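In the two complexes that follow, chain A is the common piece, with chain B as its partner first and chain C second.
The block that comes next holds the complex of A and B.
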């Protein structure tokens, strides 16, 4: 019994459904997804815009807007986040689960010195006071690779470069050594060289501090670089889960295969870039069958009528396709 | 560019001079404010009495100076009361939204729909005539404008990512509202405060003119206007002096508010 608990994943999402109630009716944004985030792992959530990645992240943080309805369980080291009291989840945020946003300029308060913004996290969740706290903030800033932290402490966000701001945002997120960090496209707003540095920093944090990371992105290149396993999402459904290398070598869902084909490669220079025909179904469309069926080149009659169940293809590799076993 | 700053400078200079006059009056007035002199009733402006004297032979300049204390006091307290409650109510309505917002804002609409002076009249006649009740009434009247401005700022800012980031840090709603968002929406509130100051002074003058504000023998500009109107043909300067000063302070705060607003527009 003891062993099972210690082996349990840090975060277990089970049958998570999220829908938004509006004047025009209920719109499902996430439909019955389940996945695990193990301790010390980096899990990628990939998919096109509007497939439910960010909504899933906000659900884990319990920061969905008031008109969102949620069912299923989100188990975080033995506690169900969905059922928590507001005060309980507030204590969890920032200390055990934290989040990094896409745009580092807007995610920092323009009127607060950056040091104070990191300091606030320690103030909320630790007993540190005065000079000790200042010293901790400086240490954290140094840890995330900010030069001359004593001086930077007193700068305002607009005085820093994009890369530095994102390091500040990461410093805020890691200040209390959370068990889980949710990074929502943390490198999308940065230029490529800075992107690489930030990815390296996140990897270092994962390795040295042991924080698990949920990495949300639509960029397969980045996902491959950083993640240990990947969840591919499409129109609110999870369509394929696999360890990173496995997914890249043997994708077993037509959507994943399409995404892989759409990555520009050096040997495809001069050729027309592949794209998946059609577009993502709107949140208002309700299809009885597989959500990818209208765009799928392998689709057949059954796909229209019936939603495929997950097919286990090997160690931690599952695909939600009738043909999962046959696709090559 | 340059032209826009003019109103700011005019506003600052008017308010600064009036403020200086008020500070001086705390320690020094040319004559004691209530000293009557039967021999010098209705004296025209002269070297001894730059603004003349009133029907009791009191020095008008001294009374104007003393009256500025009332004006600033009433303005400051009324704006503080209105600002405090208005910002609080507006912040709650804007941040939490939903039914609470609807309820608060309909209440504010109802208050706005009610004529201010009428409300003050009613308030003062129920709770008694006097400067304290005047201030409270004026303060309550100014709550809706603060509430509306604060609410709109909060509605806009609560969707910003820095607020999300604060929530992600586990910061409480109260702290997010007043420590994170409020400083970011403060500038329109400052403009509203400046405008509110001028309308508070005007309301006080109006109420005192009607005899419901400051009670004699304490000088107030509105009261002086009231006392002097009987003698307007006999000694017009006695009427003109408080009139000019009321105009000046109202104009000053309006210019100041406009100037600050222009400054913000240019920054954005």
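The block that comes next holds the complex of A and C.
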């Protein structure tokens, strides 16, 4: 099966497998996923909790716990992250790839002034010193929309609002102008109005600074708002990849179709909300066939025995379903 | 300012209550200071005369208020056994106890905290496991036994230090240090083990936090994450334990002072209780309760210095 590969992609994930070794055996969390993140793009990773999207993100940063086993390749501008020495990947972290976490209150060090937490990045990865560095921190804070940065520099995380804290976390992430930012549910813990502001900020960063973003969310609405293309994950598998509008107009995997139906719409008020029957298979279950088969309304005999390969449906649109060409 | 006044009031109230309870306790428990001093075959007249001289014929409340009013003029009363002012007796013994406390606290902090961090860092590997085992043993072995063994090895066999006794700092600082080192080590060992375990647990707990992941995602090395980010966050519970240990040691190490025949407050307390020397016991209890409330107060202040989220209440 020939995959769509753009040679100019910033990040190329190929056949990535992640499993965790425990006393009870090996548990696969991510099974053979491949996707690209092009320069200047915003790629969404969507799926229910436990589908492997956060694990994938941590694998790109090589921040998984010691019992994680990786195979496959993660090619980042020509270098394979999976095979890197610790020292090599450490130098990439925070400078070329950085990360924004879900909960800004707990992801900032509660005992450090916020300015110093941004400053630490510049201290690590740049030659800036003294006043110049302070000035850079203040500039970065202003860039991410923090008012009166000279004063905020000396505040502690608990003295700021949730939205401001997330802006600080974003300031930390963008401080060294990384080529890639991984945002793991960065708006989930925020109020809706703040969510919109943070999304706009991430879009601005993408457009103005040229950083590519991997945006992880379980919320299709937000993903649609911000992403250029979307990877849908289910139980450790990648099931469908498509440019955003394509995915929303012509979803070609039964799971994606189910997720779309499950989005509450304004005109469905009063009607019962749709949900996909059944539940996500446990990490310990290994099905020989399609992981979605037990819950799929289109499933037939072959789905039980055989894992479908990707079917190319159009430019950058692929679905891992035997019926991909026929589903409407 | 108001907060400090309130704190001060709470501290005084605590000390007052402790003193009152001690007074009452000594009224209830058997034993008579007069008989203890005169011996069992003293006659009635002698007993009555001494009771009157010591003011023991007065009712309890009068004696208590007499003692309290004495406090305001710095008068803790006369010791029955030693016939000297209680305050003098305590101040005489303080240098030994303070020096012991200082040396053992330094040992506890500079050995316990780093080993705890190391043990957390190498949790399931050989260094971590061996530190864990050694600290477990350290907690299990009583300090008097360690004291005796240390004295046997370094005092009696190798003769590096004198096996007991105390040389004051003013006489010979080197000898003074040598006479205090072994007992300080004996006091410190179980506490070092406690501090290692505490530090290890809180550091490991902290390592699970999101801010640690963020620190790694900035490209920091393990040691930078541990010492710059985690240590300060892990410090609060460790400081609490260190405070309790400090108060404990300052209260006098009864057993260790006995083993090494050191004239510290611990031995004074034992003597005072065994002869029912009420004024001296009362003075000692006052000293110990002051040590505890003051240490706790200082710990509270240290908290606010470490963690900006904690306010003095």
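Following the convention adopted for this analysis, the second predicted complex is superposed on the first by the 321 of 328 C-alpha atoms of A that agree within 3 Å, B and C clash if a C-alpha of one lies under 4 Å from a C-alpha of the other, contacts with A are read in each partner's own complex, and residues count from 1 in each chain.
Just so it is clear, a residue touches a chain if its C-beta (ideal position, glycine included) is under 8 Å from a C-beta of that chain, and two chains touch if they have at least 3 such contacts.
Given the structure is predicted, the values throughout are model-derived calculations rather than measurements.
When both complexes are superposed on chain A, chain B and chain C end up clashing with one another. Of the two partner chains placed by superposition, chain B and chain C are both touched by A:109. In the superposed pair of complexes, A:43 makes contact with neither chain B nor chain C. Once the two complexes are laid over each other on the shared chain, residue contacts for A:169 go to chain B and to chain C alike. Once the two complexes are overlaid on the shared chain, A:91 sits against chain B and chain C alike.
When the shared chain is aligned, chain B and chain C each come close enough to touch A:99. Of the two partner chains, both chain B and chain C are touched by A:120. When the shared chain is aligned, chain C comes close enough to touch A:158, but chain B does not. Annotation: chain C segment clashing with chain B after superposition, chosen from 1-9, 55-63, 181-189 or 271-279, is 181-189. Chain A residues in contact with chain B (one complex) as well as with chain C (other complex) are 61, 63, 90-95, 98-99, 101, 103, 106-112, 120-121, 124-125, 169, 172.
Contacts from chain A toward chain C in the complex involve residues 61, 63, 90-95, 98-99, 101, 103, 106-112, 120-121, 124-125, 156, 158, 169, 172.
Listing the residues of chain B that touch chain A in their complex gives 97-98, 160-162, 164-172, 180, 183-184. For chain C in complex with chain A, the residues that touch the partner chain are 209-211, 213-221, 229, 232-233, 306-309. Of all residues in chain A, those touching chain B in their complex are 61, 63, 66, 90-95, 98-99, 101, 103, 106-112, 120-121, 124-125, 169, 172-173.
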